[in-house]
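Same chain, two partners: chain A is paired with chain B first, then with chain C.
Up next, the complex of A and B:
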């Protein structure tokens, strides 16, 4: 069932650019796919019982890494973008050990500070980062040409669309494989009872850092993609509010299930585009949706089928009795 | 097996555990008793690495494990249970055990992500071992029930089963009988005895005096963080110091 659904969804995504030729529609879809990866990777960190708010900071790290590697060190984009992910992962690994000593809300607070430190560093280190104005004219990815079969030169949004699609699918496959492996089981165990997990020999600190590192890798990777897509980067591109939005996607979509953040990111990115006249009220609308979900569907949109199933049998039985 | 020398833990001016010496032999059933606040749980926390001692040494199988992290100590073979309920509530009973089994049989983490043939075989072995453990503790009929929905007594048994799955050589049981009815008490004590017969050394903290006296070969009594008596159950029952500590006869014993 899930597989068939995924196959149909992928086929639709592959064919979509043939129907939607307007660059604006493609732009929205590219952003949606980025948010899907960001929300899904944030959920992996949350799975270990720690709520990271460093995702924006990690994206900034990735974006600057990729930009500087391409523009100052002459790396090709195809090497720089993965390195953007690895640089965020490396930083997450290094700061992870001191950070995860703090539990609950205290961990979240230091991750906010971390993001602020990243922004300040990018603003102050003017020689390298161009300071507040940021960096413009970041080159497009170098063309991919397989003679007679494929030619992508990234002059159109369609090429970026397919690159984002590949990134999203690869990221989701990796995240899914990690979650259903032993690592996923252990992380969920740590989330539920970390001192019990420690008592049966699980290195809980190590696994929390692992989740933070892997999750941050994808934030860095998407940061690397985004700056080449937009062709500009500035220190405050991914602000605190940006990270909060990602967190809202996770919560509204439903944290317990793998599809949750995918649904959350897709619906909450596309919905505001449909309701464009209300754009100025978007933060209010987001807050309203968030509160409604927390109160009425605590398991998020991914929990709706279960909820419906729980309510359905009752309505079926009634006529039978009558 | 376990040698403890001069173990002390001070919280500010409070001597929670003070200069305790203890030798535990392989294959023993030792009971640790004492009035409330005597330092029994602090003692467990020290041995299992949850807190580091102010002074003293803990030697396990000839190796100094003082100050090691809890997961390290668990891997060396000392596994503890907790006072009260400590389970993975959202997992099923079987998943609780599977998670705990996953430690030993050396499945590489990367291996499980790629689902190699080797890792699938090991997963199968873990599943059958988990089922054996559930048989042993008689929770096999409840394997697919969410742990949070179990009855109180079953939750406590599951707590012991989780510890058991981590393959302890020495099992530290912290008040396993708390809140159990008479029937559950006798079943749990029978289970502990069964584990002992399988070669697991037992160190038991318990307030249920009769059960402790029946089960254990040797008993150590703590009061105000100090060891005040040690010996066979019959000797402990007659020990004047122990009686004073519990009943407070003749003013403060400390």
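Up next, the complex of A and C:
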């Protein structure tokens, strides 16, 4: 059921640029796919029972890494973008060990401060980062040409659309594989019973750092993609509020299920575009949706089918007891 | 740096200390008594500043009348928020945290819709300078230090001398025990929200007499408030005072010695280190 749905969704996404040729529509879809990766990777960190608010900071790290590698060191984009992810992952790994010693909300607070440190560093280090104004004219990805089959020179949004699609699919596959593996099981164990997991010999600190590192990798990767897509980067591009929005996608979509953040990011990015006449009221609607979800469907949109089933117990026969 | 410039930046730092202490006292009250992380506290402070602006610029009230009205208005708003948004999630800090995130979006955008995004200013009624030993001290900064100290003493006496204050202390230490002793947690939470939001409104009202105000000014206040609480330990009033004084002085003096970015970096890095090595704060205990 899930696989058929995923296959249909992927087929639709592949064909969508044929129907939607307007650059604005494609732009919204590209952003949506970025947010899907960000929200899904944030959920992986949450899975270990700690809420990171460093995603914006990690994106900034990735964006500057990729920009500087391409513009100052002459790396090709296709090497620089993965390195953007790895640089964010490396930093997450290093700061992760001291950070995960903090429980609950204190972990979130220290990740907020971490993001501030990233922003201030980028503002201060003017020789490298261009200070407050940031860096403009970041080159497009170098063309990909397979003779007679494929030619992508990234002069149109369509090419970026397919790059974002590939990024999203690869990221989701990796994240899904991690979650279904032993690691995912252990992370859930750590989330539910930290001390118990530790008492049976699980290195909870190590697994928390692992989740933080892998999640931050994807934030850095998307940061690397984004700065080449819009061809500019500034220190405060991914502010505290930006991270909050990603968190809202996760919460509204529902963090219990893998599909939750995907739904949350897609619906909350595309809905405002569909309801454009209401655009001025969007933040209110956004907040209203969030509050409604917290009050009435704490499991998020992904939990709606279960909720419907609970509310209508008669429509379904109870399985006979063995 | 000359002695005059140094004393000026120390005074700037003291004025900032006053603001930070007011923010942190309110935040620590709300956090320790309601058991939640109220990240919309910065927005409460922002609304305090706008309430003062509207009292002065539109209704033509005096500065102090404006501060008093803004404090009561924002305190009332706090009571309303406690009843509608936080009480349903008592004992569920994760959900209460998400609600307060939603409040950031709502409150910021309500103010944006009413007042617009442009920075606004209003003058301080204090213009002159006080000369002590050849050092010129501007009254508009000195008054913040004095008001901050005054409110601090009032809060301290309130907690020490009144039954409600003692109940607040009890609830912040042992919620269930306090409830078993018959303390009305609903009422005390409402009082804590009123006081906490009122203190934030005073801080916002005074900051507007020094700098311009904008709908997004709250996140700065939130960061500083949390930093002070981490320095001083959650729920500790002396901790909030000492932490606020230190952070304010650092923020007043360091930018004059280096750049504002480096000053900010030093501040945040220090907080991160304190959090890692002494999570209970410098003066806090387990």
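Assume the second predicted complex is superposed on the first by the 313 of 322 C-alpha atoms of A that agree within 3 Å, B and C clash if a C-alpha of one lies under 4 Å from a C-alpha of the other, contacts with A are read in each partner's own complex, and residues count from 1 in each chain.
Here is the rule we go by: a contact is a pair of C-beta atoms (placed from the backbone, for glycine too) under 8 Å apart; a residue touches a chain by one contact, two chains touch by 3 or more.
Computed from a prediction, not measured in an experiment: that's the story for all the values here.
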| item | value |
| --- | --- |
| When chain B and chain C are modelled together on chain A, clash or fit | fit |
| Touching partner for A:181 - first (chain B), second (chain C), both, neither | first |
| Three-chain overlay, vertex chain A: chain B-chain C angle, C-alpha, nearest 10 degrees | 80 |
| Which superposed partner A:204 touches (first chain B, second chain C, both, neither) | first |
| Touched partner set for A:145, first chain B, second chain C, both or neither | neither |
| Dominant contact partner of chain A by residue count, chain C or chain B | C |
| Partner chain(s) touched by A:196 [first = chain B, second = chain C, both, neither] | first |
| Contacts of A:12 with chain B and chain C, given as first, second, both or neither | neither |
| Partner chain(s) touched by A:275 [first = chain B, second = chain C, both, neither] | neither |
| Least Cα gap, in Å, left between chain B and chain C after the two complexes are fitted on chain A | 11 |
| Contact set on chain A toward chain C in their complex | 98-99, 101-102, 104-106, 108-110, 112-114, 116-117, 120-121, 123-124, 240-241, 244, 247-248, 251, 280, 283-284, 286-287, 290-291, 294-295, 298 |
| Complex contact set, residues of chain B against chain A | 48, 50, 69-71, 74-75, 79-82, 86-91, 95, 98-100, 102-103, 107, 109, 112-115, 162-163, 165-166 |
| Chain C to chain A touching residues, read off their complex | 37, 85, 88-89, 93, 95, 97-99, 101-106, 108-109, 113, 219, 223, 226-227, 230, 259, 261-262, 264-265, 268-269, 271-272, 275-276, 279 |
| Partner chain B, residues of chain A touching it in the complex | 177-178, 181-183, 185-186, 188-189, 192-193, 195-204 |
